[in-house]
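Naming follows writing order (A, B, C and D), and every chain is counted from residue 1.
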Amino acid sequence: MIRVGIVGGSGYTGGELTRLLLQHPGVRVTQVTSGRHAGKPVSSRHPNLRKVCQLDFVSAARLEPADVLFLCLPHGQAIEQIDRFAALAPRLIDLSADFRLEDPAGYPRWYGREHSRPDLLGRFVYGIPERHREAMRSATWVSSAGCNATATILALAPLYDAGLVEPQATVVEAKVGSSEGGAEFSEATHHPERAGCVRSYQPTGHRHVGEMIQELSNGQPISIHFSATAVEMVRGVLVTCHAFLRDDLDEREIWRTYRAAYGTEPFIRLVKARDGIHRLPEPKLVTGTNYCDIGFDRDPHSRRLVVVAAIDNLMKGAAGQAVQAFNLMHGFDETTGLGFPGLHPI
Amino acid sequence: MIRVGIVGGSGYTGGELTRLLLQHPGVRVTQVTSGRHAGKPVSSRHPNLRKVCQLDFVSAARLEPADVLFLCLPHGQAIEQIDRFAALAPRLIDLSADFRLEDPAGYPRWYGREHSRPDLLGRFVYGIPERHREAMRSATWVSSAGCNATATILALAPLYDAGLVEPQATVVEAKVGSSEGGAEFSEATHHPERAGCVRSYQPTGHRHVGEMIQELSNGQPISIHFSATAVEMVRGVLVTCHAFLRDDLDEREIWRTYRAAYGTEPFIRLVKARDGIHRLPEPKLVTGTNYCDIGFDRDPHSRRLVVVAAIDNLMKGAAGQAVQAFNLMHGFDETTGLGFPGLHPI
Amino acid sequence: MIRVGIVGGSGYTGGELTRLLLQHPGVRVTQVTSGRHAGKPVSSRHPNLRKVCQLDFVSAARLEPADVLFLCLPHGQAIEQIDRFAALAPRLIDLSADFRLEDPAGYPRWYGREHSRPDLLGRFVYGIPERHREAMRSATWVSSAGCNATATILALAPLYDAGLVEPQATVVEAKVGSSEGGAEFSEATHHPERAGCVRSYQPTGHRHVGEMIQELSNGQPISIHFSATAVEMVRGVLVTCHAFLRDDLDEREIWRTYRAAYGTEPFIRLVKARDGIHRLPEPKLVTGTNYCDIGFDRDPHSRRLVVVAAIDNLMKGAAGQAVQAFNLMHGFDETTGLGFPGLHPI
Amino acid sequence: MIRVGIVGGSGYTGGELTRLLLQHPGVRVTQVTSGRHAGKPVSSRHPNLRKVCQLDFVSAARLEPADVLFLCLPHGQAIEQIDRFAALAPRLIDLSADFRLEDPAGYPRWYGREHSRPDLLGRFVYGIPERHREAMRSATWVSSAGCNATATILALAPLYDAGLVEPQATVVEAKVGSSEGGAEFSEATHHPERAGCVRSYQPTGHRHVGEMIQELSNGQPISIHFSATAVEMVRGVLVTCHAFLRDDLDEREIWRTYRAAYGTEPFIRLVKARDGIHRLPEPKLVTGTNYCDIGFDRDPHSRRLVVVAAIDNLMKGAAGQAVQAFNLMHGFDETTGLGFPGLHPI
């Protein structure tokens, strides 16, 4: 059994990791830390785990050695304590944004400050298994991808990798649920204000764009014109990507490109139904799952291709993706512990 | 492997059963029938099962012998075809209301018409495992309980069984989600009308009351004053039961009664947190699970005890309960295939 | 023009009052106070008032004399400053709970503490116009009713006044929206936790019960067994009242009682449609209005009568009711400024 | 008093028109027609109008002469009966799509069929008052604009009119509520399927694009790359427009352009708050109002300008816009009957 510690387990991502790893057949969760809730049952913060999880939170100071640590700390904290964590466990999976960009120059650009440990950036494998599977198998440190970045990269990679689209013209509109902001409450998350809202909360300048460019550029200058809008849902991201084809490809050719890229992927479902109401991906249909559903529509009047991708931001966009990486790192079948197919209706 | 056929698989309950049984380690789902959708992929109706279920619907006319049939037909249809189904499989689990009441006199009273096969009523075991576990182990026919009935019976049974409450004074208010009405659309389920509504759709005369009285009366005349209100959620039932204590019992005595009744039940969670926001059961926390969460609050100013119970109407209130019964009938561990602990947040 | 000051105008009730009074033809809103937001535009807190309200918040310390002050302070603050407010304006309308109970003994019972100014309790007219219209016409001080109390009292008063129901057996289940808790955010109102929830947040001991008993008792001992459940909506209260008839009255007799009580009321609508989906009151249909919609259903199997009433908690349950009182106090037509009929669909 | 007939009054747009015109001080609503509901009270379909509207629906066959007819028929029906309506009333306001495009060539392109009465197209004034105010003052026939078109045109017109943006590069993502589909129910609007969904229902080929191009092109070839996504709300449209500036204009210059275009418009609010949670337009804040709220954000890393506009699709996008046109046609103040400022919170 792999001994796993979850550092920063009182938030939503930590809760999901705890849930997944408790039911993973090759894992023993040894500790779940929380500064504020140390001593209380884990299930007091994650009531779905009543009767499922008997652990109490421990303070981070009491963190013990383990085979792997999952770091679910607020952005900026993993970087501070990374040496300590590295001393406690041979493998680290960081779910924060601290080590996602390989190029130190990206941090001032997208995060507004220098990176204090640029020496370590090259040691992390970027956490999307569909893009870095082989590197993960031998990786010791993995930096999990941002949720919006995951959906956008998976939606667009086949097009960018094959050089099919104008590299600087893509517009991406993400519709995101309220759990993306985490468990900390504020006026913006106060139910009367947030319920039923369609709020353009980050029309420009989203930090995840740095990751998108890193993964999609293939050495060429590209632009991803990204906007994020908060909508009424708790979990989920839907990205609508408007890409412009270089050549007048028809639907079958595009379809072939996606099949070539993802045909054998266990967690990517290519969705394109001719009829019915579920013709394209929808985030509510992947709630609780590790799937990324991808579909597209070809504008007959222009070179525009609309690619749509849906994920659960806490699963494929965070905890699920991290467990998928964990499986690869430790030689488990990649789908172990990630078999929940989702609910319908929901 | 137990060979299972699902009769009437295009509705919501049929979809949930398909999902659960496909992942059950002791089951092979051989057929899923649908009159209207025969020939189409099961996943065309249940898009969560894309990549998970490769079966196509078959017409009910082509139903083949199996070890067990789950009947998910609209109310009134199982009764018509019961002999045919009995000839095809030695075990039947009926999820409709057709055989829930043991006493033929209940049908005109609660359903407004005579029962056409009163000879068969005694052969069905009523489908709440927590109440009829031993009978189920040797049962061939099981009639699954109604969702509102399941929540109400589990909430109140310890009190009625122990004779602690005024038998005719209990008022039950159920708050139910929209999936309770099934997959058939109508003006009442049209999103602009149904969204955000709090609609008293069945203030009196609910059919499930017949089941409640059957299970709770213990041979005495009792009343359950039941009302159902539709609220904004897709899945879930919360019943708020106002029972009136015969004697001035304190909280600890009541607590002891519930522990005695349910302390070893795998799918009942007694919930009573002193602080935090999840002090009592909430339906959204049991979404997708087979749990029935139960808690209560003792009115210090009167003899009133408010018992609150939450279930997922499609799981513990339908498909999950039926799989639990199936496990008991076939000697599997009662929790097999029902391990999903639910999501937080959701 | 009546000069009106709104004290404590940054909360939801204050915002609604500002909206209503700005459009009232006989009113000039002279000041809207806020401690925290003094100096900022009123529309910065109430974005619906952009282009409608040009006022800035002033600090309460700068409050000037007016013809009437509406007090929208957090509970407990009006009582502290009542002498100062009384010196500034001849008429006061208090929307807090500070002066709702006439009997000082009610405060320790329902609020857990003694009332510090019992000498003033008799000077306030309780704020439900349908119950105290004549007293309001000559009132100088009015204490607006609680939202749950308003709906419950209006639903039950015809029955209690006519002595038709068992006085101690009534059970009331309120389903309430998130704005009832006000503009202060907390973990309980954090969108991922509050969205889609059905949460029994006050199963017993609700403070508004004191008001209900005061209004409904008519000198006799009565009980109102009240529970409140938070559901997914922002505005609105639906109370489902289970009352037990003393005699076996039929529907027409009950109907007659309600018509006699409310037939000429401008803001009460008796709802009982034979068909269609809107057969009983629904809170979403009164959103933004001052209506209280009331309907009922007679249980044919028992003496139970289920009375259902819907209001907008911020309107008929707070600001609208207060403006209705204001109109009566100042000789305006009772409906002035309250003509918005609500939206469908919504 | 202007005598007004509403043709096709049982749908959502007809209901809103009825509500607005009943409270319009210069209007007498003489008839509201409905084929299916003739003889029933108008309030049976529009329950918000109980106690407000005493009219019964009449069949369209019994339509009588009036000063103006509002046509709220399903698309394709006004065109069939236009001669009859013209004989009954000197002024017509059509809320369908039948006469929105001036150029007959637009119909096969955007609607997939030839227009059967191209002779009449030039007689209609396109119904956005902010664009065609003067023409409306003397118009006899007005064709109200589509809701998505209204929001997009108002958002982009200042930029296109001033020639500030690349004319072929604009991408528009509309997030729309469920009432946009009207009162007819279907599987797609069934609550369990539609609730909480984020569904890309029209990624390309939306019919409203024809109107957008007509209004924005100013004789030049332009493209509007439009997508529509259904989100969880009943009313409302939010369009997020990604336009690309020709020159490197700063925020002040763009601000100036919008102020010049809309500074005196009664129903356009330019929104750009520096802090707080309502920094950009949100559809829920304009619910029930005739406002179009517009704001923008300038991407510092590119030439992209993100313009965001919110309307209530049934008001500014349909009935409210039509009443605004009616006011202009009949010499009323443009804002008459449209003064509702909206609710907060909602």
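Here, a contact is a pair of C-beta atoms (placed from the backbone, for glycine too) under 8 Å apart; a residue touches a chain by one contact, two chains touch by 3 or more.
Please read these numbers as outputs of a predicted model, since none were measured by experiment.
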{"item": "Chain separated most widely from subunit D, comparing mean CA positions", "value": "B"}
{"item": "Contact-richer chain pair [A-D vs A-C]", "value": "A-D"}
{"item": "Length of the line joining the C-alpha centres of subunit A and subunit D, rounded to whole Å", "value": "38"}
{"item": "Intercentroid distance (Cα basis), subunit C paired with subunit A, Å", "value": "46"}
{"item": "Multi-partner residues of subunit D (at least 2 other chains)", "value": "12, 179, 183, 187, 192, 196, 232, 234, 276, 282, 345-346"}
{"item": "Subunit C-touching residues of subunit A, taken from the complex the two chains share", "value": "12, 177-179, 183, 185-187, 189-192, 194-196, 232, 234"}
{"item": "Contacting residues of subunit C [partner subunit B, same complex]", "value": "169, 171, 173, 175, 187-188, 192-193, 196-200, 203-205, 223, 225, 227, 229, 231-233, 236, 238, 240, 242, 276-277, 280-284, 297-302, 304, 306, 308, 310, 345-346"}
{"item": "Complex interface listing, subunit C residues touching subunit D", "value": "12, 15-16, 19, 23, 44, 46-52, 179, 183, 196, 234-235, 269, 271, 273, 276, 278, 282, 285, 287-289, 291, 293, 339-346"}
